[in-house]
Each structure stands twice: as structure tokens, then as C-alpha cells.
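Written below as C-alpha cells is the structure these notes are about.
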Amino acid sequence: MEPVSAALPEKINFSGVGKTFFVRGTEVQALQPIDLAVRAREFVALVGPSGCGKSTLLNLVAGLLQPSEGSVTYDGKPVQGLNFRVGYMTQKDTLLPWRSAADNIGVSLELHCRSVSKAERAERIAAMVDLVGLSGFENHFPGELSGGMRKRVALARTLIYEPETLLMDEPFGALDAQLKLVMQDQLQRITQDRKMTVLFVTHDLGEAIAIGDRVVVFSGRPGRIRAIRDVTLPRPRDVFRMRFSEEFSRLHEELWDELKDEVVKGTDI
Amino acid sequence: MEPVSAALPEKINFSGVGKTFFVRGTEVQALQPIDLAVRAREFVALVGPSGCGKSTLLNLVAGLLQPSEGSVTYDGKPVQGLNFRVGYMTQKDTLLPWRSAADNIGVSLELHCRSVSKAERAERIAAMVDLVGLSGFENHFPGELSGGMRKRVALARTLIYEPETLLMDEPFGALDAQLKLVMQDQLQRITQDRKMTVLFVTHDLGEAIAIGDRVVVFSGRPGRIRAIRDVTLPRPRDVFRMRFSEEFSRLHEELWDELKDEVVKGTDI
Amino acid sequence: QGRPKITAAQAGDGFQFLTQQLAIKAGFFEKEGYDVEIADVGSGPRVVAALMGGSAVYSGLGLINLLNARAQGGELVAVASESSLIDIQLVLSNAAIAKTGIDAAMPIDEKIKRLKDLRISITSPGSSTDTMLRTLLRARSIDPDQVLKVIPTGGGSNMLAALEKGASDGFVWGAPQTLMAANSGIGKIVIDPFKAEVPEVKGVPYIVITTTMDTIKKKPEMVRATVRAMTRAMQFARENPEEAKKVVRPAFAEMDDKVFNQAWDNYYKAIPETPAISREEFERTKTWLNITSKKPLTVGYDESVYGKFADEAAAELLKKK
Amino acid sequence: MTGRSVVSTDQAVRTKAGERRAVLVWQIAFGLGALALWELTGRVFGSTWTSLPSQIAQRLLLWGGTDLFRHVYVTLTEVFVGLALGTVAGVVAGLALGRTQTLALVLRPIIVTLYSVPLVTMAPLLILWFGLEMESKIVLVTVVVFFLMFFNTFAGVQSIDPLLVTTLDLMGATTLERYRKVIAPAAMAWIFSGIKIALPYALSAATTGELLGGSYGLGTLLSRAGSQFDMTGLYTALIVLLVIGILLSEGVAFVENHLLRWRHVAE
Amino acid sequence: MAARSATSMRVRAGDGQPQGGFTALVTSLPGLIIARLLILAVFLLFWEYASGTLISRFWVSAPSAIFGMLVTWFTDGSIWPHLEATLLAMGVGYLIGCGLGVGCGLMLGFLPMVQRIVMPYVSGLYALPKIALAPLLVIILGIDIPSKIALVAITTMFLLLYSTLDGIRDVDRDLVQTLRLMGATRAEIIRKVLIPATLPWIFTGMRVAVRYAFTAAVLGELIAANQGVGYLIEANAGLYDATGVFAGVFIIVVFSVAMTELLTRVEGRRAPPA
């Protein structure tokens, strides 16, 4: 399969988007004005030092925050209020503590706007539970799950209703290396199958390259785009083995150089 | 410097320690009976698939949970009630939302049992803020920090009072790769200087090898110890470069083989 | 069973409502074809609310309460008299008696003069007990607020509690509480209208059966039945006191015999000869009340008293004109 | 809002059956001990004002044969109907105002003002409009419960992690679904706190209402006994009320433990 | 999470997002004041009209008459002793009640077994109507201010006890354990975790309690007193003077609302941001 064609329409567009927070009198610039266009069905991986504004960027797309300058458009229209076209897996998990794992995963299917029959819901939940490897823990409350399991519940909850666009903030951060690979593989499949657009924040440069069509590297706070690289590796990719490919190594080295400076700057060390 | 001598006394001992949770009628075995001895000043890294009982293990050492079988001893005495000798950086951050970053970091120094003077407290907080790269964010409340920043506050809060033993549950999981290296380097220095014993949970095998005196690999749930390897690389280690050493590669490959099987089993895929 | 129900409201409980008790216990309401349910609402204003809201058909209310309410625009009417004597006494604690040297046998003016500086409980401001205390002093040109400490203490057991505790030096109230205080030795009754020593309340009716014109229009039969039942009860008590006593005794099961008998004797003296309220009685009440009123009452007899049922009952049952 | 959010009470709730039995035994022992102490001190120091448990027991038997149950029935009816109406109204208002800034800004002062009116002083109006039967007490109980529930629910809604709400919003939840699936369950701890507080107030409001005017209910028993200086009668009615209060509050605690069971982390 | 909630009655400020129409009008300060005054005016006008037409003035006096009465009371100074008595009983009782309630709440929070055993009895006791307990109160404390203070304190204490207990139950246990592991003593846990985390609950309890404290003071004065706003209300009620009753109630309401608002402001000031 070919990488997503450049002919596909633009899905998300940032033009001159900056964000400044006002904290008790002082200003904290989280994001310097950035320009970025994301095409439909594109899988964009975002990497950058801690605190550089990656989560803020996702929040802007989801409509949870309004930009201080510039404008974010989705399907050509400025994002105003919540953007219901996106599914957002936030950095902090937002499971409903009073619902079991299965009920958390299935909550979106209970909503009127989807009105999925009970039987189908159960089926889809079971498939998702299986996908994220939580069989046997369906009836556990979030408080009774391990950190990684909670993350997986959140992941399943976001994937199950197949939103048009996925915003994922370090979805695999709390997973062990091997499970991470499995999940990357699955995510790649699902988003390809369902023709989803994805904005994917990660701290793992290897992950970004392995899974993204494009990798965007941010500078330290206030965030700016420091580098953008297309990953031209063909899909479907074998995430288990692609690390040994040449292009991967080249890209990794290249981007790592960009990142390295940034981090050291960003942390004042 | 030599790796920690085997002549040092035993600090923490697990003998036949298992843990089973009772969840509304059904039993969930989190940890199969394990035996493990941790010597004073040893840096033990724990890796293993998600949900295999790593956090549970730390909770047992901290006295937050009681083992269902076997016994955990600390300095030869069974852990009963909370174990005040340990500093615990939990997987989930437990910052006090009504305190600023600096006040969160310094909270342990305010306690009677330490009674650190105000001036010294301010000084130590400033040093810690600097160490974790949060200068300029001292007065931000946790709600105003990014995910990685919150983790760093939690880290600083645990390090600042220099507990005898550190329990760290994925402390660097939310940090970008470069910052992670910096932090690993610092942590290594501090724990060596202060002669701390460390139990360190991570999902990053490279991290485990780079920083640990010993790496313990767990099997999938219910957790068992699958492999233990000493890392004989000399200290202080150059975490930025040691990945390229031969021993590192050998250990990584060896342990990765152990881990790989486990994960695939653990997730039922 | 199955009889229509008359709801009666009353403020507090005690011997002032004995006629009603008797009428119920002796079956006079049944005889008229009704059941009665009593709602104790504890205070005058709430009685008025119950009457004007239509939830109570009638109430035994102090005539002075009725006058006060009317003066403010509360449209109540009295239909019959229930007692012809103000059953309110002044009790002083033993300590207060010792201090003031008051003796029940002294002339009333002297007793009143010696009340100086005492703390006297009343039930609540504006109530009959309040009026009684104030008129006693005012009639002798003493300003109660200057000389005394008047403490509203509420009904129920509060008065006795306050007296026993020494939080007050005395209280103004009716039977049986006054008698209880006297018999238990906490204090003595020092002023007692039953001994005819209080000229200004002579011939002043106390409790009158009160309702509203609205109720009289809507439920004339109930009001008439009430007046008739009460009239029968008064007649019964007057003509057959021992029998009547036996009938009401169970309603006061907790009370010891001595108190009950004394209270009964007082009650007996207060039974009116006729349920009708005369113009003179009405005017005397106004005069009494005007002793303390800031502005004289202008309430008229004709608008306040609806005498038809009482006259009928008197004629038919008592053979009186 | 976290799953493991219980400090110390969870240890009590995590009780195995044996522990629960121990608590019950202690509760009963506590009650009996208090009664014994009362009887004893009463006998030693005199009981004009306090009566004695033994006398109360006798009275209870006596009343049990007559219309005690009717009084209890009337009071309980008032309490339950008022509690139901007040809780529903209070929770709905609290949920609505808690989430709607505009509405809250405009309506909150009005609610606070109405809430501040001391209801005892309005008793005549209550009787005027709602009579002497159960209606007036039900209104009283409803009003009392409404405000307590409103304030608690409002505070509960304000305390919800906004991210939980937005997560569901992004999934396309309608307003109703947002309330049903996030806001109401998340505020449940506060709502139950409100119910637990409101319950004794409801009982007290019903009996106070009866004291202020009525012909049936435990409050009437109280006023009747009070005006006849019948201390044993007074305390008997109070004890009955106390027992009802205990049973109801235990019932609520039971329901709460069940509905909020996700807070009890397994051990 | 608990701390996020600290806003309670304070309405969460808009996240700087543009808002239109009515919301924008109301959320601007002058707009808000105007909106509230408008409602007040409409309400008073309706009341003025209703009194004497929809409902007899015998029951509900007109605002103009009430205002006149208030002016008289304040100009001739007759109100001051009453106000003083009520505010004293209320203020002292409220403070004692809050202290006891929070204190007992924290204590019981640490003694789960004791809590389980005594709480049902506490609820049961609070189900008893205070009026019925009047004779006992009079016997124990007399009829002066102390008995009113006691009544207010008891009422307040109950509300605070429950709020504190439920607040403690809602505290993230992990926060407590983190501090415990650092070696915090119980007192330090209370000071540094439990109280800050429970504050939203405590403030809610305190706000709810203001009204009940005033009512308890008034009730105490209704039962037995010769001073206080409650006495004033009762005295006017005894004379069937609705104007006097409403004027007294008005005073209570004004103080009650003012204190509630004050508490809201105080809490809002110390709330941490999200």
C-alpha cells in the first residue's frame, strides 16, 4: 500500500496558532505561532521535550482550548467549541471510576448518537477487551487495575467508536516495550482500515517513526516546529522488525540530533 | 567505582511473597510467591509486562499492602504498617493540587520529623527545581503543569528528603528520551552519593540496564521472577553513551528474549 | 364510624379546653352526627391560620386573641362561650415569696406592688398570659416593662422547668400547671381570679368557640353541631359533676388526683350559664384589653360575634331565652 | 476523582461479614449501655425531668396497643414523600445550576435568600395554605430537604473533574447523557452526603410540623405529652423517633455503600 | 480531585472563551448586578401588588409597610438590643459548632470503627425536633443566652460533622499515604492533607449551616426569651402584626445571606486553579 496520497484533502490546519496561558498575572507562552497542515487519513506523530506544548496542541484541535492567536481549522472550518469529530485519548486517564473496565470501554456506544444495540455493543466491547489484552478484567473498576491496564482501557474506549480523527497523547507511555509494539501494530492496522486521521504524541522517537506518516519535532518551550520529516516506509509496516531497516536508522539519527539540542535547552541543564 | 559489594547487609527480603486480591467474590492473583533479596545500596531495576505485579511489589515494601503469603522484611524486620524508611514515587502522581510546584517539592521538609529551617528548605527546593528543569514554574499549581512536568515535581519531591530507600514506579515514563537520559544520570549520581537503596520499575529495558546494578525480569501475570541479571558495568556510568557498549548490547538482547515471550503470553494475543 | 369529621384547632392543652374534652368523651358530638379530631397547633396565630385557611372548623380561642386578630384584619367570629372566667393564675417560687413577703391573703394591690424586680414567665408575647400579667400591673399604674422582667417561656413543660431551675421567679398560667407547681411544692399560687380578687377580669369570658364567617356559610351544620355539643357538655358538667369528672378523667391519666380535683373545681366555677356571648361581656373584655393597648380597640360586637347557634342551643337544650 | 479515594472509612466498609457483625454488636451494646446508665442515674438522682427507660418501656407497650402505629405511619409518610420530592427537586436544581453558569449567577442569590428564611416563623402561612393534615408537613419536609440537597449537589457538580465531562462530550453525548453518565454519578458522593444530612432534618421537620399543628404523628404525641407534663410520654415519643432515625440512616448508609462500591478498593 | 472543587458556590469562570448574548451580559459584572436588581425589583413590585389583593395583608404584609417598620426600628434604636442578642447567640454558637463539628469529624475520620458505631446514634439524635427538647434545654442551661448558644452550636455541629466526614471519605487516599511515608504525623496529615482536601466540603457545610444557625437562634428565642429578633417576631405574631413578623424575618434573611456570601468569597479566594 502507498503512503497516504498528497491529493487527499486537508483535514486539520494550524495557521499561526499560538497559545499563551495567563497564570496569576504572569504570561506563560506554551506555543509559539506554528503552521501545520494535516491531510485526511494522515498519521502525524508529534515529538518534543516535556512541556513544549504538545498536549496544548491536541487540546486546541479538540476545542478544549482556544488559540491565543492564529486559527485552527478542521475540515476547513475554524474549531469553535468542542470538536465532536475527534476522539481524544488524553495524557491523564479520564476513566469513569464508577464504571467497570468493560463499561468504560463501551460508554460511547451507549450514547444516543450511536445507538448501538446491546448485543452488538457487548460484541464490540469483547473484541476491544481482547485487542488490548484485558480479558478477565472486564468487571474490574479502574481503581483495581494496574497503571498500564488503565491506559489500555482508555485506549480501547477511544478506538471502539472509530472517530474520524484520533488525538492520542502518549497512549503507549505506560506499556512495556513488547506490548507497545503489539499495540502500535494494531493501531496502525485499525487507523488504516478505518481511514482515520491521527495526531499522535509520543516521547519515543522510534515509535514516532515506526508508526507515523510524518514526524513533527517540536523545540523546547515555548514550542515551535523544529523539523518535519516524511516517513516513506510502505504500509502496512512490520513494527516488530522495521527498526532494523535503513531508512528507520537514518531518520532516527537525523531527528535525534534535532531533539537532543532541544531537550538540553528546554530543561536549563 | 566497584558495583555494590556483596558484603553489604541485606536491606529488603522477599521470601515466598505472594499477593492475591479479592474482587467482589473472585480472586485475582497479582503476584505468585517470589523470593528476592535486595542488599543495602543496591540499585535493582524491575521490568515486566503490564499488570504483572510490579507496583504491587513496591506497595508491599512500602507497607501499603500486606502480602497474602510469605513475608517481606526490611532491615531484617517484617514490614508491618507503613514503612517510613522508604521514599515512594508512585506510578500515578499524587501531588497536592492546592500547593504550588515548589511547595509540593518541599512538603517533606516541612514535617516535624525533619524540621528543616526555612532558609535551608528554600535552598534545597531551588536546587531540586533546577535539577528537574522546572525553573520558572515554581509557582505553578499542578493543574497548570504539563504531564511530564508533574512527574518531575513528584520526582523532586521524593528525592529532596533523601530517604534511605527509594521506590520508583516508572519515574521517567512521561519524559522525552533526552530528558530521561539526563534524569537517569542525575538519579544515578544522587543515589550513589547518598548511599541509597533503590527499587526502580521501568518499561524501558535499556533504562533498566543502564541504571541498575541488577535487572529483575518478571513474567506475565501472575508475576513470577523469570530472570535476574547482574549488570557489572562500572559506576559512575555514562548513561548517554553506555548503550553502545558491548555488555549493554549483550544484556539487552538476552533480557529482551526473556521479556518478549512474556508479553505475548501476558496479553493473550 | 363513617361520620363526617370536624377538625378543631387549639393552642396548647389544659383545663381551659375541658368542655371540649367532655363533649367528645361523653359522645355529644357523636350525638350530633360528627366525629372530632383535635389539632394542637400550639399558638394563637397558628389557630387563626388554621381557621382562616379552612382546615379547622372551629377552635376554642381566647376572646382576647380573637379581638387582637380582628383588630389586625383577621376575620374571625365567636359563636359561643366556653368559659366565663379567666383561668389564669400567678405562681411564685418559694424563694420569690420569701424575698417579697407576698402572701396569698394580702390585698391584690399590695401583692402587685411587691412583684417589683421579679422575673415572671408568660407563654408568649401577646398571649392571654401576657395580657393578664400586663393588665394586672397596668391597672395599678405600674409599667410592667420598667418594674418586671417578663420572660416569654413557651407552653408545654418549659414554665415548670424554668421555675424549678430558678430561671424565673414565677409564672402566669392556668390549670393544671399552676396547681402542679403548687402541689409539688416548687411554689404557690398567689393571685387567683377564682378567688374573685381581680376586679378587672370579673365577668370577662375566656375561651370562646371561634370560627370564620366563611366556615359558617360553608359548613353551618358543623358549627351548629359544635355549639350544641359544647352546650350539652356544659350542661352535663354543671348538672352531673361527678359523672362528668369520671368521663374526662382518662384524658388526664398522668395527673394525680389532687391536682385533677382542684382543677376540676376551678373549671366548674368557670362553666358559663349560657353559651351565648352577651354584649356586656364583650365590652368588658374590650375594656380589660384596652388597659394595655396602645390604641383602643375599635372592634364591634356585631361583626365579632355570631350568636345564632348559641341562642338556638340555649333555647332548645337549656330552655333558656 | 480517583478510584482509591477513601482514607479510613474504607477500612470500615471493607468489612467482612464478621466485622460487620462486630459493629452491630457494639452498636447494640452502646445503645443498651446508654439506657442502663440512664436508668441508673435516673434512679439515683431522681427523674422528674427525664423519666426512666423502664417507664418508657411500659409506656411503649401501652401505646403499642393503641394508636402508636398510626402516628408512626403518618410521620413516616410525611418523611418519605417529602424526602422523595425534596431530593428529586434539589438534585435536579443542583445539577442544572451547577453546570449552567448563567442560570447559577442569576438564580443562586434568590435560592440563598429563600433558603435563609427561618421556616418556623412561616408556620402560620403553611397552615393557612396547606392545612393541618399531612400536606403541610410534606411541604415543610420537601422545602427543608430541597435546600440541603441543592447545596450539596451544586457543590458536587462543581467538584467534578472537567476532563471527565469533556471526554464524554467529545464522544458526542447529549446534554441528558452527559448528566446521566458523568455528572450525576460523579456527584453521587455529595448527593449521598446530602441525603444523610437531610434525613434527620426531614424527620425533625415532619415532627416539628406536627408540633406546630396537627392531629396525628409523633410530633402530636410530643406536644400532647408536653402540655400535660407527661415526661414519660414525651421521652417515649422521642425514643421512637430516635429509633426511626437510626434505622433510616443505616438504610441510607447501606444503599450508599452499594452504589459507591467502586470506592472500596479490594484488598 | 477534591481540590479542584473548591469553587463550590462560586461559579466557575469561563475559560476565556467567547460567549454571546445573555451569558455575556450576565457574566459581566455590571450586567450581573443589573440582572439581579431587575429580578429583585420585579419580585418586590409583584409582592407589593399581591399583598392585599392576592393574599390578605393580615398574613403577608406589603414590602412598603415592612420597609417602614424597619425604618422605625432602626431610627428609634429599639432594634439594637434584639439584634445584639441574636447575633451574639448566633455568632458564638456558630463558631463553637463549626469547631466541634470539624474537630469531631476529623477525629472520627481516624477512628472508623467508632464512627460506624456512633454515627447512627448521632443521626437519630438529630432527628429529634429541637422544640421538643426545649424543657431539657431550659432545665440544663436556663433561658438566657447560653441556652441559645447551645442550640445554635448543636445545630451547626451536626452539619459540619457530616460534611467533614464525607469530605474525608472523598480524600484521595494516595495523597495521605504519600505524606505518611514521608513521616508525617497525624497532626501533620490533618493540617497538610485532610483539611485542605476537605475544605470544599467544610465550606459547603459552613454555608449550609449559617441558615440553620440563625434559625436555631430564632427558634431558641421563640421558645423562651425576652430579647432577640426571634422574640420580636414572636411578639408581633402574638399581636397578629404581619408587618412586624416580616420585618424581623427580613433582618434574619439579610444577615444570613450576607454571611453566606462572605463565606463564598473567602472560599473563592483560596481555591487552587485547575
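A, B, C, D and E are the chain letters, set down in written order, and residue numbers restart from 1 in every chain.
As a convention for this text, a residue touches a chain if its C-beta (ideal position, glycine included) is under 8 Å from a C-beta of that chain, and two chains touch if they have at least 3 such contacts.
Everything numeric in this text was worked out from a predicted model, so none of it was measured.
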Query = Both chain C and chain D are touched by which chains?
reply = E
Task = Tell me which of A-D and D-E has more C-beta pairs in contact.
result = D-E
Ask   = How far is the middle of chain A from the middle of chain E, if each middle is the mean of its Cα atoms, in Å?
value = 48
Chain D and chain E, separation of their C-alpha mean positions in angstrom = 18
Key: Geometric centre distance via CA averages, chain C-chain A, whole Å   = 84
Remark   = Among chain E residues, those touching two or more other chains are 1-2, 4, 59, 135-136, 139, 172, 174, 222, 237, 273-274
Request  = Check each residue of chain A and list the ones that touch at least two other chains.
outcome  = 23, 92, 144
Query = Which chain C residues reach two or more other chains?
reply = 45, 48-49, 52, 156-157, 160-161, 164
Inquiry  = If we count contacts the way the header does, which residues on chain C are in touch with chain E in the complex?
reply    = 43-45, 48-49, 52, 68-69, 71-75, 121, 124-127, 130, 149-154, 156-158, 160-162, 164-165, 167-168
Ask   = For chain E, which residues count as touching chain B in their complex?
value = 1-4, 6, 172, 174-175, 177-185, 188, 192-193, 196-197, 272-274
Inquiry  = Under the definition above, what is the set of chain B residues touching chain A in their complex?
reply    = 21, 23-24, 28, 47-51, 55, 91-92, 130, 132-133, 135, 139-140, 144-149, 152, 169-170, 173-180, 182, 203-205, 256, 259-260, 262-264, 266-269
Complex interface listing, chain D residues touching chain E = 1-2, 4-12, 23, 26-27, 30-31, 34, 49-50, 101-102, 104-106, 108-110, 112-113, 115-122, 124-125, 128, 147-148, 151-152, 154-156, 158-162, 189-190, 192-193, 196-197, 199-201, 203-204, 207-208, 211, 219, 222-223, 226, 234, 237-238, 241-246, 248-250, 253, 263
Key: Complex contacts: residues of chain D adjacent to chain A   = 1-5, 161, 163-164, 166-174, 177, 181-182, 185-186, 188, 260, 262-263, 265-266
